[in-house]
Every structure is written in C-alpha cells, then in structure tokens.
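Two complexes, one shared chain (chain A), two partners (chain B, chain C).
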Partner chain A sequence: MAYYIAIGSSDGINTDLKFGEVEKFLIYKVEGTDYELYEKREVADADGFAAKCGDKNGCSGSGHGCGGGEEVAAKVTAIEDCRAVVCKKIGFQAQKQFEKRAISVFDIETTITDALDKIAGYYNKIDNNRSLRS
Partner chain B sequence: MAKVTYSGVRESKPGRLNDLGSTGKEVSENYKKGCLKRADRSFAQGLQCQQINSMAALMSLEDSVFISHSPQGCVGCAIMAVDMYRVGQIHRGVRLVKNPRLIVTNIDQKSVVFGGEAKLREAVRKSVDRYNPKLAFVFTSCASGIIGDDIDAICESLQAEYPDTLLVPIHCEGFKSKICASGFDAAFISINKYILKHQKIAKEEGLINLFAPTTVSYADQKEMERMLSLLGAKVNYIPFYSSLEKIRKIPAAQASTSICKVFADEFMKTLEEDYDIPYSHTVMPIGIRNTDKWYRGIAKVIGKEKEVEEIIAREHERIEPLVKKIRDRLQGKRVFICGGTGRSFAAAALIDDFGMELVGLETPTYDDDAQIDIEYLNGIHKDFVIDIANMQPFEQVNLVNRLKPDAFIGVPEWAAKLGVPTTHVLDGKRPTMGYDGLLFLGNKIADQLENPGFNKKLAAHSKLPYKDSWYEENPFKYITEGGN
Partner chain C sequence: MQTVQAIDRALPILHSGPGCAQKLSDTNGSSGYFSPNIFPCTSINEKDVVFGGVKKLNSTIDNALKVIDADLYVVLTGCIPEIVGDDSGEVVSRFEDADKPVIYAPTAGFKGNNYKGHEQVVDAIVEQYLKKSDKKQKGLINIWADVPYQDLFWLGNLRALEKLVAELGLTPNTIFGYNRGIENINKIPEAEFNLLVSPWVGLGNVKKMERKFGTPYLHYPTLPIGATETSKFLREVGKFAGVDEAKVEAVIKEHEDYYYYLIGRYADLFLENRVINKQFTVVADAQYSLGITKFLVNDLGLIPAKQFVVDDTPKNYRDQITEEFKKLNFGIEAEVSFETDGYKIHSEIKEHDYHGYPLVLGGYYEKEVTESLKGNFLNISWPVQDKVVFDRSYVGYEGGIRLIEDIYTVAVSRFN
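For the complex of A and B:
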C-alpha cells in the first residue's frame, strides 16, 4: 500500500534542513520501493515558525529550542498522514510528538535519493515479512 | 579435508538437540538409534540468548568495559550477572562494591536503516576515554548482526588510537544458535583470538585452569580450590573475578578443568589443540558420585590417581554419616528438576544420595554427555518425564502441575507460584558443590520441605497467566518435529 514520507530539504536534492527550519515539506509518495514527489506541503506561514523563535538559522539559539510549543504541534499535525519524516536534525520534543503518532523519525543529513532508497527498502522488507539481511 | 574452524555455534556439532518432550527411557533409546531429530516449537515463550551468556561470562573481569552494540533492551537480561557480580564482591570482602561498566549503543530504527557503525565508534571512544580500561569487549546483538555492522573492522581501526586498551569484538548474535551455551564459546573464541593469540608461553608447574560459569558462588570457588590444593595444584580461576593477567596465564597451565560441564568444554578442546593443555571433562561436582567423578577426572590428568583415592576415602568417611542424616529427612520424596544442561543432570544424580525419586527433568539441550547421564539415571529412577526446553515456562508449569512433585529443584520462578516447595540449585550465592556444598544443599532442600510456608502463601496470593484449560492440555503440544 502506498504511503508518504515527509522530507525537509532546501534544494530538493539533500535532506539539509533542521525540522524547525522547514517551511515546505517535500512529500514523497512511496509504493513498494518506487517513489515520486507527490506535493510540496506548506507548514508555516510567511513570518512563520523560525521567525518567532528569533533565530532564522534554526532552533539552537536560546538553548530551549522550540520544544513542545504549539508551533511544533501544528507542524507535526500537518504531516501526520506520513509514515516517516526525514530532516537534518529533529529536536527531542518533536521526536516525542512523532513517536506518539507512530511516525518514524530519521534525523540524517544525506541525499534524498539515498534516504528514500534505504527507507523504502526497509519498509518494503518488513511489510512483506522479508528478512532485513537479504 | 581442510580443518573446519569451530564457529561457536553448538548446533554445528552433530548430536546436539533441543526442543523435545519425552521420557527418560524413550529418549535414551531413540538417541542410541539416531532417531532423535532437531525440532522446533510452533509456540515458544522466551529463550535465553547467546549474547547474555557471552556478557555474563566476562562481566566480573577486572578493569574492563562491556560495550553492547544492541538496542537497549538486550542488556536488560544482564541484570542477573550484575547482581551476581555485586553479591560476589561482597562475599569476597570488597568494601566498595562496583557495578560492571556496561555501555549500550542503543541501536534504533534509524541505525537499522542507515547503519549503526557511527554509534559504535562513538560508544567505544567515549567508554575508553572515560574509564581507560585494560580491556574493552564489544558484543554484537541480533540487530547489529542483521544490519551487518562490521565490528571487527571498527575495533581494528580504533585499536590504533588506543594502544593501552585491548579491544575485543565478540560475535554473539542471539539468532545464531538456539543453544544458549554457544554464547560462552563465542566469548572464548574471541579471548583466544585477541588476547592469547595462539602464543605458547612457559609452563608453570602445578597450575590448573579452573573454568567456572557465572553461577558459582564464592563458597563453591573456595571448596573447589581446597579440593584441588589437596592434590598440590595451584588454581587459575577464570573467567570469573579474574583479570587480563590471569587470562594471559591460561596457556601456562598444566591442565584444565571446568566446574560446569557445558561451560568451557569447547574451549578446553581448543586449549589442548593450540597450547597442548590436557583437560578433564567429566561432570559437575554436585552430589557425592559426581564430585568423586569430577575429582578423579582432574587427578588423572595431572597424574595423582593414588592421592585422590586417599582423599576421597577420607572425605567419604567424614561426609557419609552427615548425608545419612539428610537422607532420613528426604527419603522417597518426588522431585522435579530444572536447570542448565550440566547442572540439571548433576542435580538429578545428587538426589540419589538423598534417596529421592526423580519424576521430571527440564534441561535446554540434549547431547552425548546428556545421554551418558540419562543412561545412568534410567538405572536408578524407573520413570521420569524429560523436557528439552530452553526456558519455556508454560511447559514447565503444566508438567509441574501434572506431576505434583513434593519438591522442585532448579530455577524456581514459576514452580514457586504453584505452591511447590522449591530449592534453587543455580544459586550463585550459596554453596552447592563439592563435599561441603552437598551438605548445605541437602539441608536446604530438607528445610524447604519441612517449612514450605513461603511457597504456599505465594501460591495463594499470586496467579500464573495460564488458563485452566492449558493445564489439561498435552504439555508438549507445541513441539513440532523437523522444525516446521
């Protein structure tokens, strides 16, 4: 069955955005091991999330991050139909929120194709009860 | 044919079986005919895995860290070994009790998809920086084995950075074997490869390697050392409470023996091949007959056969009147035994000293050694059930409930809740072995039988999770031959 993966990317090639920095998630639709870009989903308004934090470069500024705030909740809810989310970094509070919704979190900096190949391959195996060793 | 290196998987040797429900007579006949097949269970409840045994075997080594490349839960089972280590230190008079330095890399979904090697490198670096140990063991797990993280390569590359710490990778993926004792072999294979390195060193006159499993108490250690010193031997007690230096001394020994039958038998074979150290492989020294046998075995290897007979005669004289007293208290009681392969058979022979009757035996593996014991037991006890099961409490409670033994000897977790008086034979804290251990154990069983209040009350206030209908079922319902 097809499912979606949300990716935080600035250039459409690398997973180079922190969760807090993402304004548009790239939503990929995955079927088996094939995937395609399904939509670009806006998750924060123009002077959105990062701006409120007072740190355009991410959430490291205050040391508290944006943890647990309403913005995080809204952002998590916006992609809660996805099975997994891939970003360069995802804070602890946001990870917990995803965990509650049974969404897998992969905080890794790599190329989108590498991430999707590996994640889709992994899900394909476990969904079809196939060993991960093969 | 090229020599095949032993992989540490016990099933790779012929005649090793697990998962079987039968009776003593039947199993021995079928084994003789070669009719026993390796089976499986269509339903199984828990399994002791290799990783835990590999870790437990080394946990008490001095100045070491243990890095488990696994999800967090995998090290949960190490709690028993940690407990043993802490209590063992107190018994040995250590005032500042230490915990083993146990570090887990916490493999999660991300590691499974993208690889966990970075986590392991970080864990090794951090633990060596923090503790600066002499030894650092890296254990694999099911998860790390499945994703194929190359721990050997990581250890080798990090070894160059840390010349003062010996990094030892141990391949103990839980799924490799259903015989949990394979974990000990995996640990010893790595010790041989990375610490001893097949180097022969000068022999030390009278030195004996005494391999002891996790569950040997300090009292037992002293008793074994006392018995061996009567033969004029010096004891190198490994791997429990030993150190890198003591492990390095292994090849200097004149002979080796093991307290547990299954603990170091494969390693002792390797020691004979690689370092010309003869070994004695007999039984576990529980009960008069087994202690005699064990004692004679090692005496023969070091050429002290005459001396040992004198000592045995002397010990018998001292101990037999005392055993008779216990026998009067225990005569004719029906017993169910559950324990590791070496120990359960040893315990079964022990109860003969006390005139008790065996009704059931649960043990994880069946092999040539077990066959010898079963033939011996068949000579004494006319009819008993045998359950070859690694754990599987559901079968045990069914059997115990069905057979209604007067006493249960072994791992008492579940039987205790059925109200049967239980005695722990895997007790790593009190004496069980040798001539003196026998007396302690006998009195313990007798005391339990005379005062079973704890178990009675426990049974009244606790409930096992099984439906009544399960107790009516065939206990071996879920065993499927041929592993389908």
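For the complex of A and C:
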C-alpha cells in the first residue's frame, strides 16, 4: 500500500529547510522500498511570520510558532494525507499537531535519498512484520 | 539500574526510550546522590530508530562524563536499541581512554528480569573493567548476595554477612552500599575467594571470576537466618577459609548462648497454641523462600505448607533448589513451586488446609488473600508497601530475632 512523505527542501537534494520556512513541500509517493517525486505542493506562505516576529531568536528558531496556531495548523492540514514529514527542524507546536493526526515527524538534515531510503526501509519492515535488526 | 545505583558513585547511563528509570523512583530508598530521576538517558524516539541512535548515545556519554561527577559509568541499553540492533558496545569502546571508566551491559527488558540484569552488570564489571591481579590478599573475601533494591533488606543483609565473616578473623569485601564503591571493586581480583550467599543469583558471576582471576568460590545457597543456619554457615565458611576450628566454635557459642537466652524468655508465647500458626507459606524470590523456610522449620518448629519461588529461576537451577528445600530438620521436606502467576499462587493458598490460621510471608499482593483467610501476613518481599527499611536485616543471629519479633508482633496484635 502506497503512502506519502512530505519533505522540506530548497534544492531537491537535501532536507535543509525548517518547517516554518517551507513554502513548497516535496511530496514523495512510497511503495515498499521504492519512491518517486509525486507532487510539489504549495502551502500557506511563510514570510508573514518574519515580519510579525521581528526577532527570529525569540522562539525556538524554527521560524514559526509565535504567529499563532492558525498558520501552523494550516500548514499541517495541507500535508495531512502524508504518513511522515521530514524537515531540518520542526517546532514544538507543529510536532503536537502532527502527533494528533498520527503523522510521524523526522527533524533531521540529510540528503533526501538517505532520508527516504531509511524511512521507507523502516516502514517496509514494520508493515511486513519483519525484524528491524539487519 | 538498581545494581549500578547501589554501587557508591556509579552512574547508569540509559540508552532507551524516555521514562525507563521512572519505574525505580518509588520511594523505597532509591533517592540520593544519583536518584533515578537524574540518570542521563538518550530518550530515543522514532527518528532515532529510523536514523540510528548511535550519535545520540555518543553525545550523551560524552556529556555525562563532563557534567556528572561519578567514578564509574555503566551504559545500559533498553528495549528499543536492542530491537533495532544499535551497536552500543562499539560506542562505549570509543571511550576507552576517558578519565573515568565506561562500561556497558545489554539489558533489554525482553531478554530477562532484573535478577539476570544484576548478573549482567557484575559480569560487565568483571569483563570490561577489572584486570587480573597477581597479588592476592590473604583473608580477603568478596561477598555476593542478592539484588540490591529489589531485595528491600539488601543493605542490612550485606552488612550482617560482613560482620559475621569479620568475626571469623577474615576481611570482607563488598561493592554495594555506603562507602564501598570503586575502591572495593578494584580489590575484587585480589581476594582469596568469593563467597556467594544466594541460591542462584550470581552463580554465573563467581564462575566467571574463577575463570578470569583464578579465584575459587564457595557457594552457600541458603541465606543464614537464625541460629541453626548461621552456625552452619560460620562452620562452612570457616572450614573453606582454613580458620581454626576452635575459634569458629567460640564465635558460634557466644552468639548461640545469647540467642537462646532471648528465645527462652519468650518460649511460653511460642508454645501458646492460640497465637502461633501451625503452617506457613513463603511467597518470595528463591533467596528468602529458602532462607525463611529453613528458619521457620528448624528454629521455630513450624510446618511448611507449599512454598513459592517467584523470581523466574532459570530452569537449570531449579532441581538443586528443590533439593535444598528437602534438607530440613526432623526429616521434614518442604514442597516448592516455581510460579510467577499470582492468581495461581493465591488459588493454591486458598485451597490448602493450614490446620488453623495460615502464616504467609510474601509480597504486598499476598496481603489481601491472607486476610481473607484470617491469616497472619508479613510483607518481606517485593513489593513492600507497608514498611520502611533502612539497614535492618534478617540475616544472622540478630536477624533471626528480628524476624521472630516481626512475625509475632503481627500475631499478637491480632489477638489483643
């Protein structure tokens, strides 16, 4: 059964964007251990936050959160159909929203192929009741 | 974790999901310099499972070394890293040249219970930290007994055993409790022999130490409670250590005289039929089940009903322990069942005819069933909810007197 993973990336090679910075999520469709780029999905724009904040160091630095729950919630619902989300950093508020929708959160900066290989491999094993030790 | 915590200034570092150590902080003496709430933990989550938790473990160990002042750091792995196959051993080996020793033990919950874990921690210390020693100190005896914290009386018991051994003119060495941390660990290879006072916990450890350091061991399976067993214990240890027989007998006589003086004073209470129970059941780990059964039968003359050993004893030790239960005075043999299902234990207790009120010594779970049978109940094994124990002990001559006091206090408070 196929599922989707949303990735925050500026160059299509690394997961180098923080959740708050992402304007366009790269949605990958995963089947077993194979994956392909499915869609580039635009979400609510991010530059409203910086202007409101003024001071980026105040909050956890993930670039969102003080804007209030609405922007974060909107972004989360935009990728609600995904099983997991991968960004360089994902703030606490967003993590909670994802948890409520049973979406796994991976805040890690690495290459997209590395992330997808590992995540797809992991889901593949647990979906087929195989041991994670290998 | 309990084993490491019991070693003065040793710190467990947990490689596991969050909340592992929380189970240990249940106000039964686990607070202090290193309480379970401050154990460093990698708190791994799904991301670490997918991408590997090794980096987190590395930084946790590194920072623990910088932030916490301890003498020994023991990395313990929980369930999650073991499922995933993280190579904690490899990470720990990177700290070989650190200022303080770092060792590890693979203690995933699904691999065994804390009795096994205790043995694994001691194994880790022996294999990874200690080195063979050429010099042996005459008369230095390492004493090994049951699992600290799991056994509520661990501190008192160890000290009582130390005192008994010291009276024979030997030098006891233990590594758990106050003021006995890494210095005593360092002395382990120099001991003349290892003394294991326990039915099975630790047997693997002393055998390993025999292989690695060439230290012989004396395995004394019964925890000595009361005069009969303690005198036997002193004679055997004395013989093994080559202590002059006359000296051993002198020590024994002095203690036995006082012990029987005390018992003589209360003899009328013991013989009073309405107060005394006739049959008893012990529901505890192998150590207490065996030790208390022998004490109650040999010293107080009670009759054993069925006894239960609840520590999931490994199958290869069960026969030996069953045999030990048969070695009681007057040809009495006690029947023992290795059962971990509380419901089955309670059913058997309810069905048995105790010829009067039952005397049950066990964990707090047994209190209700005993009270429903109008029996006398004493809480001596885990979980212990209705008493606070600092360094009391039931070991030795004094320990036997304490146990008699406790049992008969319960009996007497019912009838008055």
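Following the convention adopted for this analysis, the second predicted complex is superposed on the first by the 110 of 134 C-alpha atoms of A that agree within 3 Å, B and C clash if a C-alpha of one lies under 4 Å from a C-alpha of the other, contacts with A are read in each partner's own complex, and residues count from 1 in each chain.
By definition in this document, a contact is a pair of C-beta atoms (placed from the backbone, for glycine too) under 8 Å apart; a residue touches a chain by one contact, two chains touch by 3 or more.
The structure presented is a predicted model; accordingly, all values stated were derived computationally and were not measured.
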Three-chain arrangement built on chain A, chain B and chain C clash or fit: clash
First (chain B), second (chain C), both or neither touched by A:F106: both
Chain B versus chain C as contact partner of A:R133, first or second or both or neither: both
Chain B versus chain C as contact partner of A:I119, first or second or both or neither: both
Chain C-contacting residues of chain A that also contact chain B: 104-108, 110, 118-119, 122, 131-133
Chain A residues within the chain C interface of the complex: 104-108, 110, 115, 118-119, 122, 131-134
Complex contacts: residues of chain C adjacent to chain A: 46-47, 49-51, 83-85
Chain A-facing residues of chain B, complex: 109-110, 112-114, 146-148
Of all residues in chain A, those that touch chain B in their complex: 104-108, 110, 118-119, 122, 131-133
